[in-house]
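Look at the two complexes coming up: chain A is in both, with chain B in one and chain C in the other.
Moving on, here comes the complex of A and B:
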């Protein structure tokens, strides 16, 4: 009771302070002094503290299971373990938005502290735009999704958290992802501020690059954790389904990746100012639209857990205001750049970085249209179409080939002009080797021969070239790491995609079967009662075609609050492959649906993403 | 050079490990069921679902394949029965043409912009 009240008032208090910050910032702009008035700093601190307090209060309400709080009632239960009580506080709509807000004000605060070297008005404008977003979010929370709504009479027991969300990976997935999303808000505000103050230059690029890389690191990690979760929890055995909600997190990622590359051109050559600004605005807009699409419930997705049309309309309106604001500011303040024809040539670092952006925007457009097309078509013509993995594979994979090859050469090019020398013997050697290896691999499969060989060849070629890079002395170590990681990533996905094998069959206790040279035996079955669920632990013995024997213990869990069945896969990971066994309860006649999968190089996919972000982290230590 | 060879060797070993024999019909069955949407589920494919609907669709696919129907005929069958919504792989027709060509148009347009910015004097 107490925490709920305190949290609510604290949130209202922070709203008042946000308005105060907004007002005093405007007052401060015309002020001729070079320093930001100290009261803005105090207000920002209070804003951070009040929202932090509010968030802590929500967590506390969850921990003590205060069912007078509607959010707690809807998403918690006394039998839930303390870990999921805490993580459950941001596993729901209201709580996750409060977390969003907390990260947002935290980032404003950090921005304020780390931007002291930059012009006063630029900093103030950034804070103003951030406050527009903050005020919008607090208003949204207070009006249509208040986490501190109270219930009377107080219920004895809560409704419980969706069991598939009761998972360690999903406990950390939203916070990490939000760090990425919200980081892009700083990029957005700071671009608009830099635009107004005519501060789009080298200094700004160096400053904002850090924020871009931080957002990119968190977004990459956030997507990866979500994907790992989907892999072992949803029982698809796949790690990416091109599901709408997954796509939505991928779109800002493409934008950020493009930004990382353009910002280098801006930093080193002072070109592409307008394009950088457009990308910055687009990144944040995509992040907010992501929140809108997930929360409004207009998407048909496995991830849409809670939704409410009122909220959707609010976020849509908010989004509209943000886009309008940025378009107006862009057209009022942007300057036409002087053409850069004279001093750049076809083979130069500039063009290779622009080409990266070109492809990124293509990938983005494919994912974007694939995600929103069904919605638009249904609204306009009342026809329903589904857009699934085959669509994305068909449109993305052919473009991957030139992309990978250009990526192999891009980092080697010099600024302004690179002389086109004779084709080096090593390159030819790498190309031939790559094609040989890939044609050899493809001969084991039933894939389209020529296309797959070229695609694999391009990936191997990139791998060899990125490895070769490590033998060439220059300082850009972080880029080398990230590019190497990317080539490993693509290769592992391709190999995983074509060499994954699986079968699915129905078995009951005691059964023994032989499928595709694999023996499978249902050896044991026991039922256990846990605190908030009942679990059926099954044991299987599998003898694969090499005679290797493995034991698996997949579970089926029956949660009590709410009553939902989940399957816990048993996965044996090693460096070459994952062996994945999952069972589902069929009707009550004792039969289980058993699905066994062998997924080569699964671990490499996750490790390469970690390596990719590690490259980003390294760039902070570059001289 | 040494490192490169070590990498090569690792890949070869890895690849040899995964040369499986493939049973044809089950593989096709899986492929088809992956390309069909489970209409009663939230965004799952027929393959991934164990709902009654998905189970009966799987059975239909199996029987149709036994009858010697081709993959395309099976998709057509489900499309005529449940509408395009069931197909995860949208066909190219009047309704979806924009979906397929929009990214390509954008790519060509982007290429033109880059070309104009850098190379037209």
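Moving on, here comes the complex of A and C:
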């Protein structure tokens, strides 16, 4: 009761302070002094403190199971363990937005503290644009998604957290992802501010690059954690499904990846200013539209907590204002710049970085079209459709080949002009080796021979080239790590994609079967009562085609509040492959639905993403 | 005649245009090929021509209709007006149950029978795929 009230007032208080910051920033701009007035700093601190307090209050309400709070009532239960009571506070719509807001004001605060070397007005404008976003979000929270709505009479027991969300990966997935999304808001505001103050230059690039890298690291990790969760908890049996919600997180990622590369050109050569600005605006716009599509219920997914049309309309309106604002500012303030082609030659580092951006934009458009086409078609023709993975595979994989090849050479090129020397013997050697290895691998499959060989060959070629890079002395260690990680990532995906095998069947206790040379035996079955669920632990023995015997103990959990079945897959991971067994109960007739999968190089996919972000971390701490 | 620079620029521009047109064409064509239409059992009854394209059928799993054998799973999708029989070999999601919303993706054998390749179920107790909800409301 107390926490709910305190949280609510604290949030209202922060709204007032945000308006105050907005006002005093404007007042401060006309001021001729070189310093930002100290009251802005105090206001920012108060804003951070009030929102932090509000968030803590929500967590406290969850911990003490205060069911007078509607959000707690809808998403918690007294029998839930303390860990999921805490993580449950951001596992729902209202709480997750409050977390969004908290990260947002935290980032404004950090921005304020770390940008002291930069011109006053640039900083103030950045804070102003951030406040527009903050005010929009607080208003959204207070009006249509208040986490502190109260219920009377007070219910005795809550409805409980959806069991599929009661998972460690899901406890950290939203905060990490949000750090990425919200980081892009700073990039957005600071680009607009730099545009107005004509501060798009080398200094700005060095400063904003840190934010781009931070956002990129968290977004990559956030996507990965979500993907790991879907892999073992949803039992989809893979790491990526081209589900609309996955796509939505991938789109800003493409933008950020493109930005990481263009910002280098801006930093070193003072070029591509307008393009950098457009990318910065696009990144944040895509992040917010993602929130809109997910929260409005237009997209059908695990993330759609509730379908409230008001929320959708609000976010749409907010999005519209942001886009309009940025377009107007862009057209009023942008300066024409000399085309990059006048200062550089075709074979140069600049070109390779621009080409990277072209590819990123192509990948982005494919994903964008695949994601929104069903929505547009439904509005226009009332036909309901979905776009399957073949669409993406078909359109993305051919373009991967030139992308990988260019990526193999790009980092070697010099600024402005590289002389086209004779083809080096080592390159030819790498190319032949790559093609040989890949044609050898492909010969075991029934894939399209030529295309797959070339695709695999390109990935191996990149791998060899990035390894070779480590023997060449230059300072850019972080780039080498990330590019190496990317080549491992692509290779693992490809190998995983073509060598994964699976079967599914229905079995009763005691059954024994032979499917595709694999023996499977249902050996044991026991039931246990846990704190807030009952679990059926099954035991299976599998003898694979090489005669190797493995035991699996997948579970089916029956949660009591709300009453939901979940499957806990049993995954045996080693460096070469994952063996994955999941069972499901259809109805009470003794049959279990069994799915067995062998997924090669699964661990490598996760590890390579970790390595990829490690490269980002190194780059962040460089100099 | 035009200078070398102009020629180069024309060449560059026309190749950019050509590539974009090709890309758009490629994207649209694969969209066309990979679109999966969603229908309710009632809509399927009124299809005049059956083709061999993949479709999705959505509705509710009829109470008491799930029949499991050691090989496959049979059940009936209903929109409370019309029904369609589904036969499925594979793994079903956790939330697949009688009386709950479901989407089955596969090929129609005839107007009463679908061979499914994939079963999608609603994700939580409060949630029903919008397409299923709409199909139910329309009928």
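Here is the rule we use: the second predicted complex is superposed on the first by the 618 of 623 C-alpha atoms of A that agree within 3 Å, B and C clash if a C-alpha of one lies under 4 Å from a C-alpha of the other, contacts with A are read in each partner's own complex, and residues count from 1 in each chain.
The criterion applied here is as follows: a residue touches a chain if its C-beta (ideal position, glycine included) is under 8 Å from a C-beta of that chain, and two chains touch if they have at least 3 such contacts.
Note that this is a predicted model, so its numbers are computed, not measured.
*Asks:* Let's test your reading of the overlay: on chain A, do chain B and chain C clash or fit side by side?
*Replies:* Overlaying the two structures gives a clash between chain B and chain C.
*Asks:* I'd like to know which partner A:387 touches here: chain B for first, chain C for second, both or neither.
*Replies:* So A:387 meets both chain B and chain C here.
*Asks:* Taking the superposition as given, does A:162 touch the first partner, chain B, the second, chain C, both, or neither?
*Replies:* second
*Asks:* Pick one for A:464: touches chain B only (first), chain C only (second), both, or neither.
*Replies:* first
*Asks:* Please work out whether A:593 is in contact with chain B alone, chain C alone, both, or neither, and reply first, second, both or neither.
*Replies:* A:593: touches chain B and chain C.
*Asks:* Figure out whether A:373 sits in contact with chain B (first) or chain C (second), or with both, or with neither.
*Replies:* both
*Asks:* Name the contact category of A:444: first (chain B only), second (chain C only), both, or neither.
*Replies:* Touch partner of A:444: chain B, not chain C.
*Asks:* Of the two partner chains, chain B (first) and chain C (second), which one does A:361 touch, if any: first, second, both, or neither?
*Replies:* So A:361 only meets chain B here.
*Asks:* Using the superposition on chain A described above, determine whether A:243 touches chain B (first), chain C (second), both, or neither.
*Replies:* The first partner, chain B, only.
*Asks:* Can you tell me whether chain B or chain C touches more residues on chain A?
*Replies:* Between chain B and chain C, B touches the greater number of residues in chain A.
*Asks:* Does the superposition put A:395 against chain B (first), chain C (second), both, or neither?
*Replies:* Touch partners of A:395: chain B and chain C.
*Asks:* I'd like to check the shared interface: which positions of chain A are touched by both chain B and chain C across the two complexes?
*Replies:* The overlap between the chain B and chain C interfaces on chain A comprises residues 234-235, 300-302, 304, 362, 365-366, 369-370, 373, 383-388, 390-391, 395, 504, 584, 586, 593.
*Asks:* Within their complex, state which residues of chain C touch chain A.
*Replies:* For this pair, the touching residues of chain C are 23, 26-27, 30-31, 33-39, 54, 56, 66, 68-73, 89-98, 123-127, 129-131, 134.
*Asks:* Which part of chain B faces chain A closely enough to touch in the complex?
*Replies:* On the chain B side, the touching residues are 3-4, 7-8, 11-12, 14-15, 17-23, 26, 30, 34-35, 37, 41-45, 48, 50, 83-90, 95-96, 98-100, 102-103, 106-107, 110-111, 114, 117-121.
*Asks:* Which positions of chain A touch chain B when the two form their complex?
*Replies:* Touching chain B: residues 234-236, 241, 243-244, 300-304, 339-341, 344, 346, 350-351, 354-355, 358, 361-362, 365-366, 369-370, 373, 377, 381, 383-391, 395, 399, 433, 437, 440-441, 444, 446, 463-464, 467, 495, 499, 501-504, 516-517, 545, 576-577, 584, 586, 593, 598, 600-601 of chain A.
*Asks:* Taking the touch rule as given, give the residues of chain A at its contact with chain C in the complex, in rising order.
*Replies:* Interface residues on chain A, with respect to chain C: 162, 164, 234-235, 237, 297-298, 300-302, 304, 306-307, 362, 365-366, 369-370, 373, 383-388, 390-391, 394-395, 504-508, 511, 513, 562-567, 582, 584, 586-587, 589, 591, 593-595.
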